[in-house]
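Below, chain A partners chain B and then partners chain C, in two separate complexes.
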Partner chain A sequence: MAGAPGQLLRPRQAVEPGRGLRRDQLIRPAVIAVLLLFTLFGLPSLLSLYYIDTMTQVAIYSVVTLGLGVLVGRVGLFSLGQGAVLAIGAWSGARLLFATGQPFPLVLVEAGLVTMVIGMVIGLPALRLRGLYLALITLMLAGAITVVLASTNFPNGGGGFLGYNGSSVHIPPIRRPSIASGDPAYFRYCVVIAIVMFGLVFAHIRTRPGRAWAAIRQSEPAALAAGINTTFYKLWAFALASFVTGVAGAALAGADRYLYSIDFTTQDSITLMAVVLMGGAYSMWGAVVAAFLLEFLPALLNNWGVSADWLYILFGLGVLQVLTTAPAGLADQVPKDLRRLWRLARRLFSRPASRPAVPAGGDAE
Partner chain B sequence: MPAWQDFEPFIVSGLALGGVYALSGVGLVVLYRATGVLYLAFGAVGAMGALIAWSMSHAGLPGWAGWVVCVAFGGLVTLGYGMVFGPLLAQRDPLVKAVATLGLTLILFGAMDLLWTTGGGQSRAITLPTDSGGFTVGQVQVNWTQVIALGAGVALTVGTAAFLRFTKLGTAMRAMANDRVITATLGVPVRRVEAAAWLGCGILAGVAGLLLADLVALDATTLTFLVISSLAAALIARLRSIAVTFAAAIAVGLIHDLLTPITALTNYRDMTPFVLAIVALLVMSPRRIMTRSREEA
Partner chain C sequence: MIEVDGLTVRFGGVTSLDGMSLTFERGTCGLIGPNGAGKTTFFNVLSGFVRPAAGTVRAFGVDLLAMAHFRRARWGVRRTFQTEQAIEELSVFDNVAMVHSPLRGAARRADVLAAIGFAGLPEPWAPVRTLGTGQRRLVEVARAVAGRPRLVLLDEPAAGLPDAETAHLGDVISGIPEYTGALTILTDHDMSLVSACCETTAVLDFGKLIASGPTAAVLRDEHVTRAYLGTAEVL
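Right after this comes the complex of A and B.
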């Protein structure tokens, strides 16, 4: 990142890093707590049913983008098959919800575990490949899984292993938890799921696996030389991403209530990668931004009567922009740009002549 | 198990499909070797070219004008992308370069959905004049488009191999595939050679789009993501050998179409390229060499 050396040279940050850190440590959790409380208790009463449904999708997809963000941003594994992993999670969740009367949270965990096992079975051989080849083999796997799902269909209350009844007239909806059968309640439920999943990933990033992943991302040979079992930790990342994506899939089954295989396509995996890169794969905020891009923007455009196809163009431009100029995505770029704008404004309005203009240019990337 | 007669027509269509896959696969491999970019927008460019050709013939213009525009569109968009983003991303990982072409794919895909709306259920089709003529082999009807598809695949593979072997530009491309920096030091105009590779690959994308629109379907989504299938052939060749790409493409096309009459597998025949590519990648993946900092095939 081109901005980093310039920032290191700025004296004020270099002299008092302690104060900045302490203030940061207080403010950040407080902001997050306020935001979460507002999302849980304030937001549902402010929104129409349409936007509550949309926000439910945002909450669910933020977990999916979080999983992909871990792979891309933390470990450096580009998976172009996360859309298919989500479909596996949704399938398992729907099947379990139809087949058993187990409590919903248990089904969520089970669907996550099933997806995790499948993800690991797929991931173990795929991890022999690196970089471009890993991305391509996951793309191929996504294509293959999409073909299988197109012919097995999603469970709709039928019998047998597949649970699909092609001729049934009365298709029962996929059930929701009894405490969250209504849309606002299910929204809160999904936010709580997302919080738990974010917590799980946060715990990983802050501890041993997170440090191993960071080492692997920087240089796999160096990580290996440092005694890190790279295959094990890469597989762990795959397992974690598959688990959270599987949980999100089961939550999606409850949110949509009816699942159709045409809704899960190969291009979903590509769009997912695009929004994760745009949102910012290196921070957890990026996952939330990505989910808003993926689910909130289409709903907004739909409400305005604008074709959602514009989003594909926007995402395409976004990917190109991120890869060429802003590798850390919106979650990093927007605050940075705002800070730069603030500095510029302060310089313009307070002491126009006190600083020479030349070093200020050094901040610009 | 169906009788042999049931398979016969699918041999012909399979060979034709394989021919187009070969065309695409060879284009992808040559561009990858010359520039380090895996051009995932190949299908989208071809699809948009084919849709433009369809619109032009729909507006009453002669068919050949549409085909020329389709091929030119493929060449120009690809060349333009290569000129703008090639240098910008030249120092990055092959993975980043490939993902960036997904950005172009999404842009073209969105534009196609906007301009050629699929609502209303009308289906578009491109009919080439070569569809009507043909001959019969045994009891199987073969039309000229199918002959052209296979012929184009063969001609292109042989032609590209000869081009890379015997021409100055081809030698420069092979040199760049080996080492870009050393090639530049030796005085090869790297940018110009790359531009030639981009243009060539784009023209192939246009041709492949036109042929696939006729042989498969003229539909933005289908054609855009058909690149994944043609990519399978290139992957089986580990993005390296043109001859292996050709053989793999023919195999993928044949197996895909030959599964059609088998009732148990017909729903799963679209998995053919993916399964073959996955197996090939896993079986043939070499022992990794950790000491190299650069990702090399």
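Right after this comes the complex of A and C.
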């Protein structure tokens, strides 16, 4: 893992609340709004059913990678248990959807809250451990949860607390909200869930918890000396990450409609960490990139008839590249490279005017 | 007023503070001594990072040692660190705003901006990673004076700064008692900074108090010069 997360810089514009808006402060929300509108209304009609299902998974997993990004990128807590946390969210969501007739959004929140409590228990070692030791402990907890889920199985409409009926011939699918029973509609539904979760995390990062997390990540003594209750804020980070992951788990239950223990492996937690590091743990775009790496690339390869297992090699190389040359991941590196390319192109074409190239975006490189 | 009585700190076999008894009255007080004299240890005791083996510290009538470390900041203890600890990822404003404050809303925001202005930092919205060492030190000072502090501890704030920046820092530090009303304790090896800022100064050597009083008199004291320069102590 990155040995000293404090040294890894996350690019962030200086925001000037209360004063005149700068140009990029208007462009950014505009770009995001256009992208979201296109995703919600344009994209579903352009894609085949196969890719709509894939994009639903991308939307759901972007929330999972967002949660892990909070832990790794904001607080510097390397947790390898988030795959198991997702499984808990999916289990609770499925159980509630079978057992009750509650509205879907309520089930999402309840599954999030149940997962939050369990996730905070998983986070308890984080109050004492950091770095490699925390990673090992959380990985072991993830392994233990996988074993438990393998023996209890996922709910399939049976009775009792576990809701599993091993001898059932006709297994009912997990229900979806009535307004989003079809695949394109459920895709839109998941995008909206993701938007709400990103908004929730954004609100945290821009206010007091975000400041406290940044302080804890760089220097715990400085945080303590400023009166920040580091124990509380670390647990809060685990609570937030587990809540959004739990909500994503419940959404996943609705997307997959049938859940099986073999779909959730301990290895998932490690792959999650790899794509989060590659995508960029320090920005929210990084979470989206990570979700594409995790869900879209395998679907693309499958469609082309190539085994998705090749991706593990790519992910391995990607993590190596991130840790050695681009600590802030693709979300930081790609815009930087594009800006460099743009400057180069401009220099080539504006040569007759013999004007010195003005650095675009004020980038130091 | 801080009353320290019989404060003793041991790290294994090393006695870092050895029965230190001292009273800091008001204003800016200097605390000097050679490396390893126990200055930072004393600050660590006050901010709760080190638990003393014996002794008491009463701050304005409150038993400081009975408080958990993050509660001390809430009570009003502020400190800077020998190695500067401004948070790179945050803006100057966020760096100062992260400190605990009894104020809320607009009053809090105004207090943070006032502290930044007091430290003489021109751009509250600049990311700290774009600042140099001198300005980062000022960010720490601004953080220390925000949120109604009662006790400000400055641990070698001028270490590694060029003279011009030290002069500005000195002006800022001298203004802290008037700006906040907090008792300020300054440690530094730069004697011109200590003389400029502090009316009274105490001198530690090997964890023992060897002199205290008005700064000018203390700096002339022969025990003090001996501790610093190590003149003939052959017995």
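As a working rule, the second predicted complex is superposed on the first by the 327 of 365 C-alpha atoms of A that agree within 3 Å, B and C clash if a C-alpha of one lies under 4 Å from a C-alpha of the other, contacts with A are read in each partner's own complex, and residues count from 1 in each chain.
Here is the rule we go by: a contact is a pair of C-beta atoms (placed from the backbone, for glycine too) under 8 Å apart; a residue touches a chain by one contact, two chains touch by 3 or more.
Note that the structure is predicted; figures quoted are calculated from it, not measured.
Peer 1: Considering only touches as defined above, state whether A:277 meets chain B (first), chain C (second), both or neither.
Peer 2: In the superposition, A:277 touches chain B alone.
Peer 1: May I ask you to decide whether A:227 touches chain B, chain C, both, or neither, giving the answer as first, second, both or neither?
Peer 2: After superposing on A, A:227 lies in contact with chain C but is clear of chain B.
Peer 1: Which partner does A:211 contact after superposing on A: first (chain B), second (chain C), both, neither?
Peer 2: The answer is second: A:211 touches chain C but not chain B.
Peer 1: Quick check for you: in the superposed arrangement, does A:157 touch first (chain B), second (chain C), both or neither?
Peer 2: neither
Peer 1: Considering only the touch criterion stated at the top, classify A:177 as touching first (chain B), second (chain C), both, or neither.
Peer 2: A:177 contacts neither chain B nor chain C.
Peer 1: Determine, for the superposed model, which of the two partners chain B and chain C contacts more residues of chain A.
Peer 2: Chain A has more residues touched by B than by the other partner.
Peer 1: Examine A:105 and indicate which partner it touches, taking first as chain B and second as chain C; both and neither are also allowed.
Peer 2: Neither: A:105 stays clear of chain B and chain C.
Peer 1: Considering each complex separately, which residues of chain A are in contact with chain B in the first and with chain C in the second?
Peer 2: Of chain A, residues 219, 221, 224 contact chain B in one complex and chain C in the other.
Peer 1: Across the complex, what residues on chain C touch chain A?
Peer 2: That would be residues 47-49, 69-74, 77-79, 81, 85, 87-91, 94, 97-100, 125-127, 129, 143, 147 of chain C.
Peer 1: State the interface residues of chain B toward chain A in the complex, per the touch definition above.
Peer 2: Chain B reaches chain A through residues 38, 85, 88-89, 92-96, 98-100, 102-111, 113-114, 221, 224-225, 228-229, 231-232, 235, 267-268, 270-271, 273-275, 277-278, 281-282, 285, 288, 290-291, 293, 295.
Peer 1: Help me check something: in the complex, which residues belonging to chain A touch chain B?
Peer 2: 78, 125-126, 128-133, 135-137, 139-141, 143-144, 147-148, 150-151, 219-221, 224, 265-267, 270-271, 273-274, 277, 307, 309-320, 323-324
Peer 1: Quick one: in the complex, what on chain A touches chain C?
Peer 2: Residues 6, 9-10, 12, 14-16, 208, 211-212, 214-215, 217-219, 221-230.
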